Amino acid sequence: MKDGVKFLEEGALEGLLRRLSERARVWVPVEATPGVVLWRPWREGEKVRLDRQGTEPPKHVLFPRSETLLRIYEKEELKIEEVMPQGPSVIFGARPCDVRGFEVFDQVFGEEDPYYSVRRRETTILTVLCTEPERTCFCTTVGGGPLEEKGSDVTLLWIEGGWLAQAVTERGEEVLRDEAFVEASREQIEKGEQRKEAVKLDPVVDLSGIPEKFLESFTSDFWRRVTAKCISCGACTFLCPTCYCFNITDERTPEGAERLRSWDACMFYHYTLEASGHNPRPTKAERYRNRIGHKFSYHPSNYGTYGCTGCGRCIKYCPVGMDVREILRELKEYAEG
Amino acid sequence: MIDRLREAVREKLQELDLVIGYGEGYDPLHATPVFIQKPEEVDRLIWNPLCVHNLATYLYELRGKRVGVVVKGCDSRSVLQLLNEGLIKREEIYIFGIPCDGVIDLRKVAQKVDIYRVKEVSWQKDAFTAKTDRGEVSLGLEEVLQDKCRGCPYPTPVIHDFLAKDPVKPKGEGEGLLEQVSELEELSPQERLAYWRKELERCIRCYACRNACPLCVCQDFCAAEARDPHWIPLRDRVKEKWMWQMLHVLHLAGRCTGCGECERACPMGIPLLRIRAKVNKELKELFDYEAGVKEGVRPPLLTYQVSEPKIEERQW
Amino acid sequence: MSRNPFLPYIATVKEVIEETPNIKTLRVVIDDPSEREAFRFEPGQVAQLSVFGVGEATFVINSPPTRTEYLQFSVMKVGEVTTKIHELRPGDKVGVRGPLGNWFPYEGMKGKDILFIGGGIGMAPLRTLLLFMLDNRSDYGHITLLYGARSPRDLCYKEELKEWEGREDIELVLTVDREFPGWEGRVGLVPNVLKELAPSPEGKVAITCGPPIMIRFTLQALAELGFADDQIVTTLERRMKCGIGLCGRCNIGGRYVCKDGPVFTLAQLKELPPEL
């Protein structure tokens, strides 16, 4: 699968992005406002931030915040039109934790969701490997890693002056045929190896047995205690690379209606609120318990991998500093005690 | 000072179901709310300029319980506003007040240091040093304080049962927020439109702003998410995000105490505080009113007078 | 390429029947003949009924697969979509997305005696299975239906109840919560009447559906009467959106009510976290 190691010089990046944009929509991390890096379609002159994890993952490229599934025309005869996604995309500058997020989407949406699978098939991912984890990173705790290449088409590793590039898939090999990529020199490859060897990120919790331990804690007061400071917003959910919960709603249009699929969050009160008024998860304790249960018990039991990539965004962007690592540690202690 | 606070909490804890205060967060640059129920937990309480959270936000959901809460000056205004609106009961809360010299805006710190790679923080007088693998950065507190703290008119809690130290004199008349507002007012209407279009485009409708707000007690039944009437479609366009902010700002008019938690909670760095500060300024001028500073005062938008002293209707 | 699971079939409302002050029954027919022909379902499966421009809501397919002149849905008016459904008239267009979910494990019930226990609108899924069994009568043993509602007015399928009362091959016990002028049947809450009837669990399957509180006490009563967990079948309700186990909403533990349910035996429910 791997051709030789290539090198992408920093100065050649713009030209590469321009050429990629001729055949696909290229999504890049951009500093939209100081300190906030978001995934936007690349435009000429756009300054790309490949040096850190984005504030948001590139989730919305494959799973938009709100998309039209169906258009309903009611003027004369009732007609329903499927609104299928169009055109290939390139995600340029993802991190391994972002790519692990798509793995979860693949497991759940797979081929069943035509909108997701069309987009997925037509998307190429170039991933920047991590050489300097943040203090909130914990990908190795959940089965991932800063140098993980699974799920990417091309991996990029920063060494001074540019990136070492390697193809992981056939699609990646095609990308590397672009003139921006030149043969890497022996020194460059060695520097890359040194960089990789220096990366250190130990797991922070031993999660073995967590799916069962979670179920043991289900009815306890544990959840009321650990969620005391949660404010039940949707920040953690919306910024999480693996969260895929959605809502389906109809909105009126001049011609009739549109059926939208939009992001939703299990953290909101309305999420499980039934029309009768009954709510199986009436407080944040039940809702957060479901969140942890889903990611660390139900999903692993159903699919074999955690529903969490250890990116740390839920910790960084939680307004009150809920720390999932801490909660998992306490859960283990509670179950063992 | 922290010892005085801890002692007071330890003493009062016997009569209370819990005390909400600040504790150490997940890294040296973050504090976090802590919920103390047992005497041995009291030593978790800390106080430093990283104690940014408005703990009054938990009071409404804890009604019916006897709750102690640690508040700064701005937070105490939220408590008073909740009391004025009859949303919480005075006899159910015990207010540990901390006269405050200002808290840090981590967004400002982030421009000088990588805030997610800080290993250690040490405090000096009016400054602090942050250490990462790449070296040390020292920052004067003044350059990284939140805008709301500059010229803070109420640094000492306006309502309290206990003060952890001597009262602090007002720093000014709210210059920090007034400056934010004049930045807005200097823009022409078209410029303002463009400004908010650009800022609100980042909004993801996570409702962190709403849920962090102490006055948003109806967050579980929010008009913004209602289907009947369906005020805001779920489409992902600036139009809808703006409608959400307008709805929020107007529902808070006369209730917002300018604590800025909305802006701090926003993961997208949208400058939410200044539009609320603008509305607060208008209300001050129109009705000579500020939320949460005087006991027993009714918000002007919840009162009716046949003729208002500052609204010259007959001239219209 | 298989059909888009979010795409509903267009159907026309043929008949609207007022069952009770807040429950209406809709009979719809899928417009396209080949789609109508291909719509195969089992008793207990549900569908998402769309009112275009308003939204979708989940209902059990109330008619059995043995009677396919129309698809029937019984709808209680509780929210936005159901209110609009109650305004529909014959000739109006709706969307039908389905069939979704699992179905009553009727194969395993063959040869057994069946005890249906229903409350209010909970009669809807029971009707489907009951009619299916009546259409395959010789496969099943003795059939009893215990059905109760708040008042005589709140009983659904009043015409059919009269019909079933007259049949020899089904035992019908009706009850209402308290005395009503003109009501000559039993009086009492369904779980209490169940205890009075004291059916033996021997060779029986109990199928129950109704408001959460009724189900809770009925399950208790059945346990007291000696019914084993795998002899008791129920069908659950949840807020549903996608109906295909994708949107993440209707789960109980690692199982989705829309995909792994809505039909569960009590034994299966006890393996799941208690999150009803």
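We call the chains A, B and C, going by the order they appear; numbering starts again at 1 in every chain.
Keep this in mind: a contact is a pair of C-beta atoms (placed from the backbone, for glycine too) under 8 Å apart; a residue touches a chain by one contact, two chains touch by 3 or more.
Just so it is clear, the model here is predicted, and its values are computed rather than measured.
The innermost chain, defined by the distance from its C-alpha mean to the mean of all protein C-alpha atoms, is A.
Note: the chain lying farthest from chain C is B, by mean C-alpha position. Rounded to whole angstrom units, the spacing between the C-alpha centres of chain A and chain B is 31.
Taking the mean of the C-alpha atoms as each chain's centre, chain A and chain C sit 40 Å apart. If each chain is reduced to the centroid of its CA atoms, chain B and chain C end up 50 Å from each other. Annotation for chain C: residues touching 2 or more other chains are 55, 80.
Residues of chain B in contact with at least two other chains: 227. Each of the following residues of chain A touches two or more other chains: 247, 249, 251.
Note for the complex: chain C touches chain A at residues 4-8, 10, 50, 52-57, 78-82, 93, 95, 212, 237-239, 241-242, 244, 246-251, 253-254, 273-276. Put simply, chain B touches chain A in their complex at residues 25-27, 30-35, 53, 57-58, 107, 110-111, 116-119, 133, 199, 202, 204-208, 210-212, 219-221, 225, 227, 233-236, 261, 264-265, 267-269. Interface residues of chain A, counted against chain B in their complex, comprise 32-36, 38, 55-56, 64-66, 132, 134-136, 225, 228-229, 231-235, 237-239, 247, 249, 251, 260, 262-263, 265, 268-270, 312, 315-317, 319-321, 323, 325-326. Within the complex formed with chain C, the residues of chain A that make contact are 69-70, 72, 74, 78, 80, 82, 108-109, 112-115, 215, 218-219, 244-252, 256-257, 259, 261, 264, 266, 271-276, 278, 280-281, 286, 290, 293-294, 297-299, 301-302.
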